[in-house]
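Look for chain A in each of the two complexes below; its partner is chain B in the first and chain C in the second.
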Partner chain A sequence: MEQVVLQKSNLNHWVELMHRGFQVVAPSRVQGEIFFLPHAGQLESDLLCGIATLPYLPPKDIVFPQSETLFSFTRGAGDIDFSVPDRPPEKRVLLGIRSCDTVGLNWLDHFYLSNFHDFYYQNRRDPLTLISIACTQPMKNCFCICCEGGPFLHPETTAFDIQLVDLEDRYLVECNSEKGKALVDLNRNLFSQPDPSMVEARDQAETKSHTRFLQEPTSYMSAAIRRITSNSVPPEVWTELGERCFDDGGCTFVCPCCSCFGVGYTAKGETGCHYRFWDSCDYSGFTREVSGHNPRAEKGERFKRRFFHKLSYHYVKKDGRIGCVGCGRCITACPGEVGMPAVVERLRRG
Partner chain B sequence: MIKNTPTICSFCSNGCGMFIRSDGKEAVGCLPMTLHPVSEGRLCHRGWNRFQNLRSLNRLSLPLIREGSNLKEAAWPEALQKTTEKISELLSRYGPQSIGVIGSPWLTNEDNYRIAQFSLDILGTSHLDGSYRFSGASALTALDRLFSGPFGSLATIPAIAQSPTILVIGKESCRDFSPVGSRLIKAFLHGSTLVLADPSCTRKEHFFKYLLPHPLQSLAAVFKDKESLPPEVSTRLSEPGLALVFLTDQVGSAASLLSLLHSLSPRSATENHLPLVLPLSRAPNLKGAWDMGIRPPEGGLTLHEMLGEESEVKALLIFGDDLLNHLVTSSMLVKFRNLEFVSVADRFFTDTARMAHCVLPIPLLAETEGTMTNSEGRVQKLRPFVDPQGESRSVAHILQDLSQRMGKDFPVLSEPEVRVEISKNIFPYTAVASESDLENVGGILLPTQNAQLPCEPSEAEEQGPEGYRLLVPNTLYAWNRNQMIHESPVLNIEYPGDRPAVRMSPLDAKELKIRMGEKVKIRSDRGEAQVPVEVDENIPSKVLMLSSHFVEVVESLAGKGERDVTTRTLFFPNLAVTVERL
Partner chain C sequence: MDNIYLPHKAIITGIQDETYDTKTFEFEFVERAVKESFRFLPGQFLEISVLGIGEAPFGVASNPNHPERFRVTIRAVGSVTRALHELKTGDRVGIRGPFGNGFPFHEMKGKNILFVAGGIGLPPLRSLIEPMLDSRSEFKDIQILYGARSPADLVYTDRLKEWEKTPEIRFMMSVDAGDPAWTGNVGVVTTLFPKAGLRTQNAVAFVCGPPVMIRFVILELLGRGFAPENIISTLERYMKCGVGKCGHCAVGHKYICLDGPVFSYKDMMKLSEKVV
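And then the complex of A and B:
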C-alpha cells in the first residue's frame, strides 16, 4: 500500500483537480445536518478531520438509493418500449466517508455483487472511488471498535481506495487500489513522501484512537453472538425487546449494512415504471404472506430475526463478518432505545 | 442532483421535522431531522415512507363535473362556472344558510383561515365545520372551555419525558405516535411511573407499571373511588408533574374529558396543578384547523347538524377531506346523497369525490406552502418539495376565482400575508407573523392562557354487572382508512383493511363454541345485530370490540348514539350486551 503526504492546505487544490474527471461528493451541512452532497464551493474542513462526524443518512444511499426506478415503459403505436436508467454519467469520488461506512459498503458489495449480481447496484458502485478518513476521536454513539468497523481501515480486511489519516496540518494518504492511485496521480507534485516519523505518528494516532474509542465500552458483541448463535436467548427477552420496537424501520434504513428492498410499480395511461425502495424486516407486512398468515406476526419474532441476521455465526460464516459496523446510527434512530449496543447488552444479561 | 428540503411530516399531529429528498422530478427519499425538537432523528414507519405516496395513480389532475351518473373531465373555467352558478342559485332560492362549508385538518392553517373567511364573508353562511366533529372536536371543545378560548400549548412532547408519572389512555397513544412513545420509554428508563388505561387489552408492555382496564369516560369515576385503585396509582396521579397522553378521537363527550381533568388536578390553597396534557390525533392539523375557525360560529350548524334529517343545508362545499369516510351514521350518508349540490376540492379520487357534482383538484400537502399546528401547539412551516401535478390549483386560487365569479372581492393574500392576518385575529397565534421565527427548526410554540378550574366529574357510565361489554372505539380516522396510506405501496401493506366483525377473546369464543368467522347475535337494550367473530388474543374476556366505521352494525346495536350537548355531535357509548351463538 503506497503512502504519501498531503498538506491540508492542498486539499482544496486536489479536489479541484478531481473535478476534471469526477463528480466529488463530500459531507456538507443543510440546516445544521450533515449530508453527502456534490461538492461546490468550500469544503467544510471540520467534517474532514479525525473527529467521527457521520452524516445521518449513510452513504449506502449513493449506491443503493432509498428509491430508484428499475425500468419504465411506454406503449406506443406498436410495441411497448422499455427503458432502463443509464449508468450515472460521471465517475464519482466519495470524499470523507468514515471507516464504518466503508466497511458497510464492503458488506453491500458482498451482498449485491457476490451473492448475486445486481445490475443497478453495480452501475452505481463501479464509478465510485472511496476516500475514507480514519477516525481519531469518537462521537458519542460510536462503537465501531467492537464490530471491526474502524476506527482505522486495514487493507487485509477492508476494500477501500484511499484512507486519509489526520495528522494535524497534514494527511497521510494511504492508497489501496488502482482507483486511489489514479487520484494521487492527478498531480504527484501535491504529495510528498512520508518520512519515518510520519509513519510512526500514524501508528501512534491509531493506537491513541483505539484507546479513545475503547474508553467507554459500549457493547458486548462476543457474548451476544454466542447467545444468539446457540439459541440461548430466552423468548421473553425477545418479547421485552420487541415491546420496545416501534416498527418504524428507522434502524434498518440508517444501517450501512441493511440491504432489503421492496418493489412497487406505477402506471397511468400508456406509461409506467417499476421501482424499488428500502424495505424493513421491522415491518409486519415484510413477511406477511398473501394468505394473510404471517410467520413473524409478533414484534419480538421480527426483532429476533433482525438480530439473528446481524449477529448469528450462521451469517458470519456466510458473509465473513457480523452485519453491524458500529456506526451508532440505530441509537439515534430508535424511539424505543433499543439500538444495537442496548440490545447486545440486554442479550449478555440473558 | 438530490435536493434536501426541510419540512414537516403531515401524517399525524406530531409534526416531526424531516428532510424530503427529491431528484428534481419526484421525491426519492426522506430523513428525520436530528435537531428537531419533536423527531430528534426518529420517525414512525409512516414518516419514513412519507415520500412514497406521491407516485399515486389515483391523483386528480383535472376538474370533473357531473353529467347524469358520470363525472367527466372539464376545463377549470367550466368547473368553476358551474360551481358558481349552482352556489348562486342556492343562495337566491334558499339563502346563505342553505350552504355548508367543510374545512379540513389535512389543509394548512392558511387555507383553513381562507375557507373560514370565504364561508363567512363571501357566502354569508355560518354552517362551517370539519369532519373532526366526530373525531376530536369533543376534546378540543373541552380544552377550549378549560382555557376560555384557543389553548395554545399544554405540553411539549419532550417535556413528557420529564414527568414523574404519565397516564397514557389507549395503547395506540404510545404505539402509533413514536415521538411520544419515545418520550415514554425515556421516562421509563429514568424511573417514571407509566400507567396505561385501556379496556381492550390483556397485556401491557413491560414499561407500563399498571394497566387500568377502563375507557376514558369511566376514569374520572374510577379515580374518585380510590379504593379500586392500587395505592401507588392514587398517590402518583395526584402529584404535580403528571402528564396525560390521549387520542382525541377517543373522547366521546367533552364532559368526560373535563371530568377526567378535574379528577387529575389536585388543588392547593395557592394553585391548581393541571397535568401536562398532550391531545394526539391521526389528522396532521387538527388543532390548526380548529383554531383557524373551522367550526360553527354563533348560529351555525355542526357537521352532525348539517347532515341531520331536518337540516336546512342543501349543498356542501368540501375542502381537502374524504368526508364520506368520516361520517358516523348511515342517516348522514342518506342526507349527503340527497344534497342538491356537493363540490369537493381534493387531491385524490376519493369516495366523496365520486359522489360529488363538481370535483376540483388541489395540490398535495407535499406541493403546498403554509403552516400547520401540531398537538403540542407548535406552528411549523410546510415546504413544497415537488411541483404540483396535473392542473391542480391551490385552495386560495379556487376561492378567489369563485368569489370573483360571484362578483365579490376576496382578498388575494400570499401565505405570509395570511399569517399576518391570523396573528392579528387569533390570540395565541400572535407570533406567527414573524417569518424568521417560523424559519427556525421547530417553528413557534404557542403561548398558553391561564386555565379555569375543570368542572365536576360526571357520573360513570352504567355497566351491566353480567354479560359482555361492547366497546366501540372511534376508528373514523384509522390509518387503514387514510387515503395517504392507501397511496403508499409499503404502508398499504402495513395497514390492511378490516372486515365488519366483532373482536372477541379466545376464552369467550371457546366458551361460546365459536370459531373465527362464525356469526354471533349480539343484543343490547337498543337493538341487535348478527356479526362475524374475529378471535383476538389481545382482547380481555367479556369484552367485545367493534370498530365505529362499520356504521350499519354499530347503529343496529347502539341506535342513533348519544348526543354530546357541548360539542353538538354524536358519539357511541360503550354498551352492556349479551352474545349468543347462531
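And then the complex of A and C:
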C-alpha cells in the first residue's frame, strides 16, 4: 500500500483537481446538522480531522437511495415498453467518510454484489471512490472498536480507496486501490514521500486512538452473538426489549448495514413506474400478508428478527462479519434507548 | 449485466375460470429468445407484475415438461390478484423468474409418493404431479388427497375427474362442508387419512395448503410414521424481490425466495423462528 504525505493546506487544491473529473461529496453542516452533500465552496476542515464527527445519516443513500426507480413503463397499441434509468453519469468521490461507514459500505457491497447482482447498486457503486478518514478521537456513542468497524481501516479486512490519517498539519495518505492512486496521480507534486518518523507517528496515532476508543462505552458482543445464534434468549427478554421499541424504523434507516427495501408502484394513464424504497423490519407491515396473517405481528418477534440478522453467526457466515459497524447512530436515533449496545448488554445479562 | 428486477413481457394466451374467486392463466413470453430459453422446476415460482398496480409471487401450476406455455392459478384476494382477474386473453403482464429451489424430482424415483393438498395448495403441487405422471413407471404408488372448503372451492375439476378414473394414481378428496349435490367425504383433509390406505414405507409426502392445514397434516403424517425429512412442504411469506435482497421473506437465516419455498419438515424445524 502506497503512503504519501499531503499538507493540509493543499487539501482544497487537491479537491479542486478532483472536481474536474468527479462530483465530490463531503460532510457539510446544514443548520448545525452534518450531512454528506455535494461539495461547493470551502471544505469544512473540522469535519475532516481525526475527531469522529459522524453525520446523522450514513452515506448509504449514495449507493442505495432512499427511493429509486427500478423501471418505468409505457403501454400503447397492445404492447408495453420498459425503460430502465440511465447509469448515473458522474464519477463521484466520497471524501471524509469515516471508517465505520466504509466498513458499512463494504457490508452492502458484499450483500448487493454477490449472489444475484443488484444492477442499480452496482451502477452507483462502480463510479464511486472512497476517501476514508481514520478516527483518532471518538464521539460519545462510538463503539466501532467492538465491531471491527474502526477506528482505523486495514486493507486485509476492508476495501477502501484512500485512507487519510490526521497528523496535525498533514495527512498521511494511504492508497489502497487503483482508484485511489488515480486521485493522487491528479497532481503528484502536491504530495511528498513520508519519512520514517511520519510512519511511526501514524502507528502511534493508531495506538493512541485505540486507547481513547476503549474509554468510550463499549459493547461486549460475544455473549449476545452466542445467545442469539443458539436461539437461547428467553422470549420474555425479546418482549421486554420490544416494549421499548417505538416501531419508528429509525435505527434501520440510520444503520450503514440495513439494506431492506419495499417496492412501490404508480401509474397515471398509460405510463408509470415501479420503484423501491427503504423499508424496515421494525414495521409490523413488513411481514403482513394479504390474508391478514402476520408471522411477526408481535414487537418482540420483530426485535428478535432485527438482532438475529445483525448478530447471529448464521449471518456472519453468510456476510463475512456482523451487521453492525459500531457507528452508534442507532443509539442517537432510538427514543426507547434500545440501540445496539443496550441490547447487547441486556442479552449478555441473560 | 442482467437486471434481476426488470420483468420480461408475457402475453395471456388463455384464462380458465376455476371457482368463484380463482382463475387459471396461461402465459407465453413475448420475446422469442426468452420464450425459447425459459425452463422451470416443479415448485418454483414467478413474480408477475400488473404494471403500475403491483407485483406478486405465484407458484407455477403447470407441467415443467411444457415450459413454452405455462399456467398459474390465482385467487383474487389482494390488489395485484384482483387486477389480474380483470385482464383478458391477449393482455400483457411482466414476469420475472423462475425463482426458488423447487421440489425434488429425480430423488423421488422408486418411492411411494403422497400428495396432500388444501384449497389453492393444489396448483403448485400440480407442477410436480404432472411430470411424475409423464414418467409414471419410475415412481411407485402415487396418491393424492385433496381437500377444499366446499365443492365450489375445488380447482381443476375436469382434471380431478380424470384422476379419479385413472389407475395410475389413487385419488381421494374431501370438502369441509358439502352441498346437496356432494356425495363424497365431508371433513378436513386429515379425515381422509384413516380411509386412504397410506403407504408409509419408502414414502415421501408433499404437503401444500393454508398454514393451519399444513400444521395438522404434518402432525398426522408424523403420527403415522413419516420421518421429518420425508415430509416436504412449502412456506409462504410476504415477498417483494424474489432474489434475497429486499429482506421481507427472511425466516431465521433463510430466505423463502432463495432457500425455499420448498422445505422438508426437518429443515423447517431448524429455522430459528416458528413456521408451522
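Rule of thumb we're sticking to: the second predicted complex is superposed on the first by the 342 of 350 C-alpha atoms of A that agree within 3 Å, B and C clash if a C-alpha of one lies under 4 Å from a C-alpha of the other, contacts with A are read in each partner's own complex, and residues count from 1 in each chain.
Assume a residue touches a chain if its C-beta (ideal position, glycine included) is under 8 Å from a C-beta of that chain, and two chains touch if they have at least 3 such contacts.
The model shown is predicted, which means the values in this text are computed figures rather than measured ones.
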Touching partner for A:F261 - first (chain B), second (chain C), both, neither | second
Report for A:C281: first if it touches chain B alone, second if chain C alone, otherwise both or neither.
-> second
A:F35 contacts which: chain B (first), chain C (second), both, neither?
-> first
Of the two partner chains, chain B (first) and chain C (second), which one does A:S67 touch, if any: first, second, both, or neither?
-> first
Applying the touch criterion given at the start, work out whether A:C334 contacts chain B, chain C, both or neither, answering first, second, both or neither.
-> first
A:R244 contacts which: chain B (first), chain C (second), both, neither?
-> first
Overlap of the chain B and chain C footprints on chain A, listed as residue numbers = 262, 266-267, 279, 288
In the complex, go through chain B and note every residue touching chain A.
-> 1-2, 4, 6, 19, 21, 28-35, 40-45, 47-49, 51-52, 55-57, 175, 178-179, 181-182, 185-186, 189, 205-207, 441, 489-490, 493-494, 496
Which residues of chain A touch chain C in the complex?
-> 70-71, 73, 75, 78-80, 82, 84, 111-112, 115-120, 122, 231, 259-263, 265-267, 272, 274, 276, 279, 281, 286-291, 293, 295, 301, 305, 308-309, 312, 314-315, 318
Contacts from chain A onto chain B in the complex sit at residues 30-33, 35, 37-38, 56-57, 61, 65-68, 240, 243-244, 246-250, 253, 262, 264, 266-268, 275, 277, 279-280, 282-285, 288, 292, 332-337
Interface residues, chain C side, partner chain A - complex = 1-7, 9, 49, 51-55, 77-78, 81, 90, 92, 94, 211, 236-238, 240-241, 243-248, 250-253, 258, 272-273, 275
